[in-house]
Structures are given as structure tokens and as C-alpha cells.
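Shared between the two complexes below is chain A, which pairs with chain B and chain C, respectively.
Presenting the complex of A and B:
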């Protein structure tokens, strides 16, 4: 009996199995459907209101330009929706193995711990990006279809032509991809460290709210740029006159540092851990 | 070239804080053997098996399977090795078949026929499309065996495979192990159940609190077994103890139920019965307490100090 596998499994094998596991759980398609449908409902409801939310960024212009609504919703989503959207899978993908007691099932196959870690991490990041792209696309398309693609009024009162507004709205949504991946990596780290699904999913959202609170305090100018929530607002400079992109660059670097630190900690702990359960 | 040992554990130590779970354990299993690791709960059996599978790392010593080690070969060490630790766990939201397909991917892939084969071997072909969440405990145990067989192993490591099974499940599991052993697999079976090991294995290692008490064949162990105790129910236990004290070589103890237990050779037990009758003590019941092998197992694994049993 020849027992040696002819093919060695790779990261793709882990990703394939993880993707099938995700698709077999109802919450995965439900999350993606919610990401697609909720922005449409919000756009319809807000467009139907006679009095726009004037005290919010771009809120006063939602009836005037279809490019306002995606920016209003981006500001709202950054507060807790984006961290939650990313944590639903990232906070669960490692801790659920502890919950099911299945580490001993998969760690005794032919895949290495490194392959398992990388495969799971890629799937978590991939899901976060897919959910985010669906949310962004649904928001922008629904707003433009419902309201139209009129010119947009910028933060300094300047009028931004429709085609420029479209580009800036897309760039704004694209700019939150980096902190979103930062939150995903943070959720992965919490999932590995705590081995608890509830903590893995809820803690990044709670930490995001705490960071927003800290960022809103006075006298924290040195700390504020280092918070993972600050890059979620870095797109504001794109709509100033003149526009500035310094916060976007800083936000990119800060998000990358959060990603690297979180993943490194998670990887080291995962590789060295004794699995007793 | 000499064939590598299926299992070669050398001076392995594992501590969890102040607790020594495995203390300088060595163990060798030759290919084709059905080998038992026997001991009460907390003996260190599962910790030893976890180290074989790389789930935990030994603090000292080496573990080699077919000559391969984690340090030198990584996950390749498990090529040709299947099994499970404690009760096997699966994803309850996937069917039995989907679970096996996923695990097969993590092994580099097997064809669908192989999955059909192993499902038939463990009698789960009819329930393969059902979600594992709806499986009974016994079905999950059998799915665990199926997952192990997917890799067409040469060494099958099973940790308490009959745990939690009903009598019919235990019978089926032992029959399955026997069938697999008959096909030439090396089987390493960990159990706290002497009968399971006695029925299934050729050789055994008995462990207690992380240490090895006995290595050897079941046949040798039987030869070393003392005569078993006899349980006496008498009309006057105090008088019966006084009578026993007059017979050299006979030991008397009291069971948890309060009965008298007499230990000695068969001729000494015979003499004791005669002496009780002569002393006017009525014998209401007399029966062997445990099988000889069981007596030895309990002598080895219970009490403050385990007796030395030379290997």
C-alpha cells in the first residue's frame, strides 16, 4: 500500500476548503445580501425624506446630487459597519475551529500550520474585500440611479463637475480599503489570540468605537494619526479646495502597520501554540 | 535496508506548568503490530499521541513515525499516518461526505472513489449526504475512522475509539479495528479499557501519571498476573478475619461494598474455605473478584506506589 500522497497540498487547497465552509454557513450569503440591499433601502428612505440630515457631512446636499449620498453613507459606514462587515468572517475563521474542536482534525492532515494560516487569512481578507466592494457598488449605483449624477458641492462650497465627483467618490470609497483590511487583520489576531468567536467579531467593532472616541478628544494630536479609525476619514481632503492627500498617505502607512503587526502576532502565536482541545 | 519502526518515541517529556504530563517515555512499535497504550484517565496517553501528531511539542525527547520527525520533515512526518485524538470533530454544517472531501483537499486530494470506499468501510455510505450535526456519537467516531483511512495509512492511531459508544457501537468499532489490523495496518490504540486492549492488541504499554509501568506482550502480561482476589460473604466477618490471620500467605482486605476480599494462591483459598467451615463460619457467597489481568492492571495503576513490573 503506497501511503505517500502524490501531490502536496498548497495554500489553494486550504482556501478552497475554507471557501466551501463559508458558503455552507447561512451567515456568509446573508451578509453579502445585506451588504447589497441595505444601501438601497437607506438611499430610498433618505431620498424620500423632505428634510435632509444637514448636520452630517454632505447630508444637506443629498437631494441635489447623487454623489452626496455615497459620501454620507461612507461616513456612517466607517463608524461601525465596515469593522463589523470585515469581522464577521475574520473574527470567526480561526476561533470557530476552537469552537468546533476541529483544530486536531485539520492540523493532523498534510498541510502545514503556515499553509493553514495563510489560506485562512487570504479567505478572510478576500471576504472582507468582496463584502466591501458589494457595499460600495450598491451604495453608489443606488444613489446615482435614484437621485442622478448632478455636480457636487465640495467642502469649501466649490462646485465639482459630475465626472470629477464620480472619480472622487470612487477614490473615497477606495481609500477606506486600507483601514478596512487593517480591521480585518485585527479581527484575525483577536480570533487567534482569544479563540473566542464572539470576541473575534465584536471586539474590533468595540475597539473601532473606542478609537473614534479617543480620536475625538482634545490633546491627542500625536496619537490620532496612529488610530485605525483616522484613515477612515482621510478622504475628506479630496473634497477640500485646494484638495490635499497627505492624510490618505499617512492612513495607508498606518493601516499597513496595523495589518503587519496584527498578522505577525497572530502568526507567531498560531505557529507556536499547543493544541490541547 | 532495515525497515523503520512505525513509531519510535525516545525519552519524551512534556510539562504543563508544574504538572508533568509525560515523564521520560520511550515507546517503539514495529510495523504490522497492533499496539495498545493502556492507562487510567490522566496517565498521559493522549498527551503522548498529541505529540506524535504534532499538536503539541515535547519539552525533551524525540518522536519519529516511520523514521520521520517534525523537526526534519514537518507535516510530511504524517505521510502514511491516520487517526484521531479523543473524539473526532467535524464541521456540523457540512455533510459527512463534504467533510471528507475537504480533508482530502488538505491531503493533496484523493479521488471520489476513495471517499466512497472509506464511507462503505465504516458503514456510512447511506448517511454521507446528511449533515454531521445530525450524526450520532457513534457515527462521528466512524466518520473519524473514515477520515483516517482516506490517507490509506500504514499506521492508524486511535485514541479511545470506543469512548461514548453503546455496546453495539463498541462491538462494531472493535470489529472494524480487527478488520483493519487483519489487512496489515499497524494500529496504535490508546485506551483506559483493559478488555479493549486485551481483545485487540498484541503488545501493550501501561502508563500511569505520565510514566511507563510496563512494556511487553499481552501474553507476558498474563503470565505476570497474580491470582485474583476472591470475594467472600460470611455469617461472621470478624471471625472470618481471625481465621485468615492464622493462614500464612493469605491476605485479607475489605471491598468498597464491605465484603471480604481474600488474595492468595488457589490452594491457600481452598484451605481458607475449609478453615472457615471448621470454625463454624457460614459461607454465604464466594466468587472471583476480578480476572487476573485486571487485578494486575489495577495493582499497577492504582494506589500510592505502583509496583515494579519488569519488562
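Presenting the complex of A and C:
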């Protein structure tokens, strides 16, 4: 066990180096600013609409309660925004080294491949969480400031008091963290496998859309719970009366399995690949 | 670069294969979470809550979800379609009690669009709940809370039917001549007895002698029994219609089709 202390600085060094690289790229701060600003613009535009968007859950109540806007946007964000938000970094973090031909330089340093892989993975997961927290906070704060904190109508027609609605909105946004990290792992795997930045960034979004399409079909009930997009809707149960959490638990397990499988494949391929030849 | 292109192509093929496989493996027989009991139990609550909100807007006091005691029965796509799975062809009947708004039909028709994610959009009967925009007690125009509403149900909630039976007026075929029958049929919620028979309170109006004929009883579009009746003019009679054991246990929408033997009353001389 004596070797443990010497390994930790290795991963930390990789993480610090990767974070500095990330911040030096223009798209990283741009993504974070977009995550903060876009919800405010959408909330202003939606609030100005005379006809509320009834096609999406909670859309019909956007003028009645500030708590409905974050839920409408959560339903909307799950369609492609969340996969895109994470894959911008996760889909790039390995493949960009291929693009720049920099593997030889990095792999001849004192850090091991495992440390490099773990460090890059942690940075990608960390970026996903930071971007997501900014998006969620901006959405919720902008909605409440613009519209107010009136009681909300739930998914059994019941009236939910404002303080309960606040808790449920935060819980709902928190519940999509698991599938979001699932998409991060998927993007990392695609980034390692394809060695192509464009595929690493676009493929998770495309796969997300395909999974949603499959999930919306009738007669695929056995596959539906296994899709990574299904947990993005698991929060619906929180707003029912009585509330149910079965889909949230299943969603957590499904997201974890997607993540573990993706990362394992990525790690095995990364360890065995001949970068130096 | 060539390697990347090959990988990208294989990814696209993988996606297409997944879609094709899922498309082929799924069929009408695969188990769905959208079932009649789950939809009915959810709609009862949602309808009652939205109706209470409507009563508040219109100033009807004392209406609560408990006082309404809503019961729902749903049917998907008529008698030929299985009552399970998502779709825009779900029709539900909700029976409830509101002394402020008399309902001679005994139940309200609700059209449902049910999605595969276990959520639905329901449209209430404007005959009973009014139009989309209504005026509240302060004179302000507001959106009618019971006109259209959303709901979601627990996909692992109880799938056991609760045996609710609601009699609904048969809808005449388009273009068929509509003659007002002398016999008035019951509507609304009914409860079967221990032997699976439901009471039918028949009222005979202005018939020259008596009202007589037969009534075909169907539940969810499936034949249950045929009842022969003979009610004196101006009188009432309660007959019992036998249901099958399954129909009495699962409940459903009861439709009564009248075959009158009595000639309809002659038109008044002009």
C-alpha cells in the first residue's frame, strides 16, 4: 500500500494540466457562458409568448407559476442540450490528442496510462457537472425572478405549495445528473474508440436523439427502461400524487451501467492501443 | 483519418441496426406499462383535482375531490382494439357527483392522448366543464383548468382493475334515423350484485299501451346478455342484466342498445 501516496499526485497533476488545457480553449468558457445565458433568454422569450407551449409537460402553466418554466426547460434540455453540453469536452478530451498528434509527447512523461486516463475522465466528468450546475441554477433563478414563485399544478392535477414545488424542481434537476454523467462516459468512450473529435462530440447527441425516437415508439417497452434517455424523464413521478420514485431508482442503475460499461471499454482500448508505434 | 471514417460508418450502422431490431422485436404483444387500470386510477384523481380547481374559478363552494367521488372507465380504440398501450384513441368516461352541474348522461366523456412515457393529455367534455376560456367570479377571463390537462401515472402501479361499471348512452350510427324511444334507459355508475347482475331502472314514457322489447347489453364492446322488458305506460321497472364473471370483475363501459317492440307514439295530428 506504500505506492498509493505516490500515485495520487500523478492523477492530480494530470487533472490540473488537463483543466489548464481546457480553460485555454475558447469553447470551454463559451460553453459555460452559454449555459448561464441561454436559459435567461429562453425564459424571457417564453414569458413574452401569448400562447404557452402546451405540447410539453408544464408548458401550459408557464405564465401561472415560475416553477413550471424550469420543468418545461428540463424536458426540453433532455432532448439534446444535456448530451451536447457534456460531449463538447468529453467527446474531445481523448480524440484531440489524436488530432494534434500529441500522444507521443504525453505518454513519454512520468505519468502512467492509467493515471492519464483517470485524470482526463475526472476532468470531463467535472466539467459536465460544472456546466450542468450553471445551467440548472440559471434556469431556476431566471424563472423565479421573471415569473414568481406561485403554487404549481402537479401531474395529478393537484396544487403543490410553492415551497414544496421549489424542493421538487431542485430534485428534478438533480435527478438528471445521473444520465448526464452517463452521456459523459459514452462521449469519452466514443472519443477513445473513434479518435475523431467530430464523432466524439456529435455521436452522443445523435445517439441520444435515436434513443428518444426508439423510446417514443409503441411496443418497445422491454427496451425503453434500458435507454439512457429514459432516466431524463424519471422526475415526472415526483409530481404525481402519490409521488413515485421507481423510475428514478431504475434510471440511476441504468445510467451507472451505461457509464461503467462505456468507461471500461474506453479504458481497455486506451491501455492496449499502440500510440507510440 | 481512414480509420476514423470506418469507425464512424460502423457506428451509424450500429445505430440503424438497433433501431431496426427494436422496431422488429416490439409488437402488439409486448408488455406495455400503459394499461386500463393504471390510466383509470390516475385520471380519477387528476380529473377530480382539476374539476375542484374549476369549481373554485366558477365560485361553486363545497366541491372537493372527496365529494366528487370520481370513478373512471377507459377504452382504447373501440371493441376491436386491445385496451393497452399508448395512443391518441383512448376514450374515458368519468362518473362524479356535483350538485351544481346536473349531468343527465351520468358521466363525462374525456378524450385521452397517452404517451409511451406514461404521461397523458386529457380533454374534458366542454358540455360539462365549459369552453377553454371562462370568466371567473371577479369577471376576469381565465383558462379553464378542466378543459385540457396533463397527467402522469406510475408505470409500476397496481394493474388490477377495480371493477367500475358505467352505463353510457349508445351513440347512434351516423346518418341513422333518430326516433326518441318511449323507454328511458339508465346512465352512470352501477354496481353488480354478488352474482354479477347489474340493475337497470327502466322508465316508460307516453306509450299507447306499454313499453316492451329487448335490450342488448355490452361491456367494453363485448356482448354480455340480452334483457327482455315490458314496462307499463308511465311506470318504472328494475330489471337485472347478467354480466360474465370477467366483466363484473374487470368493469368497463356498459352500452345498452334498445330494440323496441312498441310502435313509437304516433305524431300529433296537425
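Everything that follows uses one rule, which is that the second predicted complex is superposed on the first by the 266 of 277 C-alpha atoms of A that agree within 3 Å, B and C clash if a C-alpha of one lies under 4 Å from a C-alpha of the other, contacts with A are read in each partner's own complex, and residues count from 1 in each chain.
Operating definition for what follows: a residue touches a chain if its C-beta (ideal position, glycine included) is under 8 Å from a C-beta of that chain, and two chains touch if they have at least 3 such contacts.
What you are looking at is a predicted structure, and each value in this text was computed from that prediction instead of being measured.
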item	value
Contacts of A:51 with chain B and chain C, given as first, second, both or neither	neither
Chain B versus chain C as contact partner of A:223, first or second or both or neither	second
Residue contacts on chain A - larger count, chain B or chain C	C
Partner chain in contact with A:14 - chain B first, chain C second, else both or neither	first
Chain B versus chain C as contact partner of A:213, first or second or both or neither	second
Intersection of the chain A residues that touch chain B with those that touch chain C	none
Interface residues, chain A side, partner chain B - complex	1-9, 13-14, 16-17, 20-21, 24-25, 100-112, 274-276
List of chain A residues in touch with chain C within their complex	54, 57-58, 60, 153, 155-159, 190, 193-196, 199, 203, 206-207, 210, 213-224, 230, 233, 236-237, 239-241, 244, 246-247
List of chain B residues in touch with chain A within their complex	50, 53-57, 74-76, 78-80, 83-86, 88-94, 98, 102-103, 105-109, 147, 151-154, 184
Touching residues (chain side chain C, partner chain A) in the complex	3-4, 7-8, 11, 15, 18-19, 22-23, 25-28, 30-33, 42, 45-50, 53, 85-87, 115-119, 121, 143, 145, 148-157
